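Read through the structures below before going on.
Two complexes, one shared chain (chain A), two partners (chain B, chain C).
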Partner chain A sequence: MIRVRFHGRGGHGMKTASRILGTAAFLEGFRVQDSPLYGAERRGAPITAFTRINDHPILERGIITIPDLVLVADETLLEDPLANPFLGLHAGSLLFINSPTSTQAMAEAVAARHPTPARILTGDLTALTLEKIGKAQALSATVGAAACKLAGVIGMGALEKATRKELEELGLPSPLIDRNLEAALLAFEQTPRVPLASAPPQPAPLQGLVVPVYQPPARGTPSVAAPGNIILRKTGGWRIFRPVIEYDKCNQCWICFVRCPEGAISLDEKEDPHIDYDHCKGCLICVEECPTKAVVKEREVHAW
Partner chain B sequence: MGPQREEMLTGNMAAAWGARLARAEYVPAYPITPQTEIVETLAQWFADGTMQGKFVTMDSEHSMLTAAGAAAATGVRVFTATSSQGLLYAFEVLYTVAGWRVPLVLVNVSRALASPITLEPDHNDVLAARDAGFLQIHCETCQEVLDSILMAYKIAEDPRVLLPVIVNLDGYYLSFTREPVAIPSAEEAAAFLPPYEPHHAFFKASRPLAQGIAVLGGFIYSYFRYQEQLAARNALAVHDEVAAEFARRFGRSYGPVEAYRLEDAEYALVMSNAFATKGKAAVDLFRQRGERVGLLRLRLLRPFPHEAVQAALRGKRAVAVLDQNLSVGQGGITYQEVAAALYHEPSRPLLLSCIGGLGGKEISAGEFEEVLELMKEAAATGQVPGPQLLYTEGEQTQMAHLLDIAGKEWG
Partner chain C sequence: MAIEHAYKKLKEISLEEFILPGTSTCGGCGGLEALRLAHKVLGKNVVFVNAAGCFTLLALFPFSPFKGSWLYTTMASAPAGAQGIRDALDLLIARGALSIEEDLQVIVLAGDGASYDIGLASTSGAIYRNLDFWYFCYDNEAYGNTGVQMSSATPYAARTTTTPAAVLTPEGTELPKKDLFEIWRAHCPPYLATVSPRHPLDLARKFEKAKAFKGPKLFIAYSPCPTGWHYDPGQTPEIARLAVETGLWALKEAVHGEVAHTYIPKKLKSVEEYLQAQGRFAHLFHPVRQEAALRKIREAITQYWAPYLRTMQNAK
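Our next item is the complex of A and B:
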């Protein structure tokens, strides 16, 4: 069995990528499952999708906790605890990261910050997507194609048919499907073949079942009494663009501070504004509103 | 024991009196036959100042129960009432407000469900709600309706429970039927049922709470859902404490089940609600000619009183569960629950299932005779027959005649 996990943000098309891989494997004659996992859907929030490929019926359901192949569409997700792309990686598995950073540099960065037994591979699918499709977020075809190549059991013919089928079901106009196909075939060619190895089966550890007890209603009922705990939910990773304040142009008018819908801009004792990048979602209202153009947007190039 | 005057009250009036003596502060209302008299009466009492608080007419039962739950979540005592199609129209809200852990009381006046649409009672409406997280008390008399509403608030508001309660009475057979009902004084009722003081769901500007939260992640959902189960099971002991205090103050005693002439019985009927009265009359006739027959009335349906059912039916030769409901494709609903309660008994009685009284159909003395014959035959042969619909030859002849009039061919 090949277990593949896709990590992206809402809008990246990772559900479609998992379906392109799923359909392609199905066309190659395999038993397949694919499924997305998302909650309250919204652009920018982490989503995960899964594809299982096997030559026997698949006796698994739901999320993949021990993947053989993980594809990360957006490197900012590497450190997002909700996405957790490192979950369950093992020595036989491959972590593919969509990034302009070289495989070598990325491997070093990962080793320094989040060591994993998995092998690392990077590819700049965003650049290819921008060039062929014209929209950096439309990664479903290129990530799907990379997944097909790395799965190692899918030919270009199946990829082409699967991509067309999945994009037609989304109602994309024919010229756009053609551009996606071109990008997908290029991504397939560019992506190297890397052998995968499934993790050896491990006996399930005993989990220790609890006997639930009734708890006093002030504790055991579904309400939230703590005020203001949204601070715990860091949403800075949602940004595609980062607002940056150029203080030499700032006239301390407070407009960015007042208009920020997240309260992510504060004033210091000198009345200079400061952006809380842990919580700024990158809506860029401050950039739009700043009368002196002191807040500029920069492409979010991430810590990796 | 305080002064209690008796008056002739319908079941609906008894329900309204229950809400009045409980000092319900908020009543969202939507009328439906055969419940309407309850909310009409309460509307009058709020309008003339007899009751203090807010009476609001709603646009549907769905809105009505949503408003009831939301109001209860602010910490006020809430009463509402519906029936049949109305209960089902509010169905998703039953689960929702139970999950909020708000102790409101909902009176359901049982009426059989469409189709064909009808007005007379059976219990498919209230039993459809049996998994929702509401506790359920099913009443046999108008007195029991009033008393059960007062008890229901005291059980629901106990910090060991905090679940809403449905108090059920049969349409027509109780709702429109007058009989003498002892009405406790307002002072006695207030002494029994003090004001509701929530510590978990309230509206205080100084202590904001996010209620009605959404969760993702099965382990979070499981935790809260199972707290409902534990709360409902706690309600067994809380019910008995409340019933003991009620008996002390008012002289009327209620168990989770009622055993009628069951002690030395060889055969037992299991019934609920108003038709249990007919079952008791049948038991009296059997007893007059020396037959050892008794009746077990199911009163507290949620939480289901497994131990009380086991104890009451222990040692019987055969038991017939008369379900005034039908789980289509399965059979009688309470039959399944009684069977589950008896499964681990070392010497359990033979257990027969009868379906009777659907859509308010009469269960005649002659039909009770047949049920006893079925039990005796099962005891003699050890063979338990499949479910038996209580439907007489005379009724079948009448039905054939009606089908002829309707221009239908009788196969």
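Our next item is the complex of A and C:
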């Protein structure tokens, strides 16, 4: 069995990528299973999706804790404890990271921060997606294609059919589907073939029932006693583009400060605006609304 | 209570932030944009009662963006929760355990699903009992938090996941948007208004004005939703502007039931400009133009504005 886990952010299309992989493997004659996992979170928040591929019926259920292949759509997720893409990686598994950083530099960076026995591979699918589809977030086709190539058992014909089927089901207009297909085939070609080793034994299913222990309401009810502590959550990693203020063009009109939904733009005593990059989600309202075009957008490049 | 600010210009808006950044709401959330501006006017002495909905994501355990208190309720019972808190505060004040200066304004936060559908009965009860509270409905015209299903706030011909453009219903949503403003107005609350985040001064003036009233102070905030309406998050203010300029979203208030429009567009923009900017209306234009549906939308706008525009012309 090949167990594949996708990590992305809401809006990246990782659920669709896992469906593309599943459908393509099904078209190749395999038994497949796919499922997404997301909590009370929205666009930009970490989500996970799972695909299992097997030549026998799949009796396993639930999340994949020991994967053969992990695809990370956004390198900032590597540092996100909610995503935890390193979970269960072993010497036989492959960690694919969508990033402009080279495989070697990435492997060194990962080794320094999160030592993992898994092999590492990078590819800049965002650049390809931007070029062919024009929207950096629309990663479902390209990540799906990379997954198909790395799974090692899927041909281009099945990938093409599966991508078309899944995107048609989403109701995308046909010119957009064609652009996605073009990007998918390029991603398939540019992703190298890396043999997957077979996974070590999976954990045995839990036997019997676990009875929850009663807690009095004072302990059992969630309550927050640290008002305003949400600033500990850094939502800056959601950005694909970063707004940058060109101060020589700014006329201190307050519009970016007033329009920012997050309150991530503050004004100093000279009324110059400052962006809080730890929390700015990159919605780009400030770029759109600035009357003097003093806020420009730049492709986000993360530390990784 | 004296009116402290006239809110004639943008630079009167408070520099202090009351909702801290780092929440899980989508980038470009129109509802959060409106709430942030409203909170700046309301100040720090508030307690929120949050009906289940997108704004549940503001305080996601163990984090909270608010400097004060926040209580989470089911979709149907936020006004009942507000009653409980109001009563508790009043009791504390009566016993001398809380000074008048420490008193809090109780504010219900509810989406259109909780406001138009599930919590309408408990809101009606709270207004009937003349409960002294604020109600902030962030209206993004669908059940956004669960994946954009139709609510009774969804406008005619918008596509949602439960009202797709299909063979039998090519226009998507078949029913018109429920008129919550008029339903609430029938209860004659002291203050009722619609607001939009794109009109921050109009919004600020309304919240400032409402402070003078004891009893229910109700607001419906137009809340463009990039995720559910299918447009780029950066377009939120532009979508909100078009909604007002095309006459789809009327900025108005009602003091003890007396309606006044706070902004009347000089000339209504073509509604198609608004519709074409959003994916949820794309099926009205591709693959074929749905003329009948477009006509129906135009006629509803004309019908709404006819009496007001006539009064304006007569006044001239």
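FYI, the second predicted complex is superposed on the first by the 208 of 304 C-alpha atoms of A that agree within 3 Å, B and C clash if a C-alpha of one lies under 4 Å from a C-alpha of the other, contacts with A are read in each partner's own complex, and residues count from 1 in each chain.
One rule holds in what follows: a residue touches a chain if its C-beta (ideal position, glycine included) is under 8 Å from a C-beta of that chain, and two chains touch if they have at least 3 such contacts.
Model, not experiment: these values are computed from the prediction.
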Partner chain in contact with A:P261 - chain B first, chain C second, else both or neither: second
When both partners are placed on the shared chain, which of chain B and chain C touches more of chain A: C
Contacts of A:A45 with chain B and chain C, given as first, second, both or neither: second
Which of chain B and chain C A:P217 touches, first, second, both or neither: first
Which superposed partner A:Q207 touches (first chain B, second chain C, both, neither): neither
Partner chain in contact with A:P227 - chain B first, chain C second, else both or neither: both
Doubly contacted chain A residues - partners chain C and chain B: 40, 222, 224, 227
Touching residues (chain side chain B, partner chain A) in the complex: 99-101, 159-160, 162, 199-201, 207-216, 223-224, 226-227, 230-231, 234
Contact set on chain C toward chain A in their complex: 10-11, 13, 15, 17, 19-30, 32-33, 36-37, 54, 56-70, 145, 164, 197, 200, 226-227, 232-238, 286
Chain A to chain C touching residues, read off their complex: 10-11, 40-45, 171, 173, 222, 224, 226-235, 238, 253-255, 258-264, 266-267, 276, 279-285, 287-289
Residue ranges of chain A in contact with chain B within the complex: 39-40, 212-218, 220-225, 227
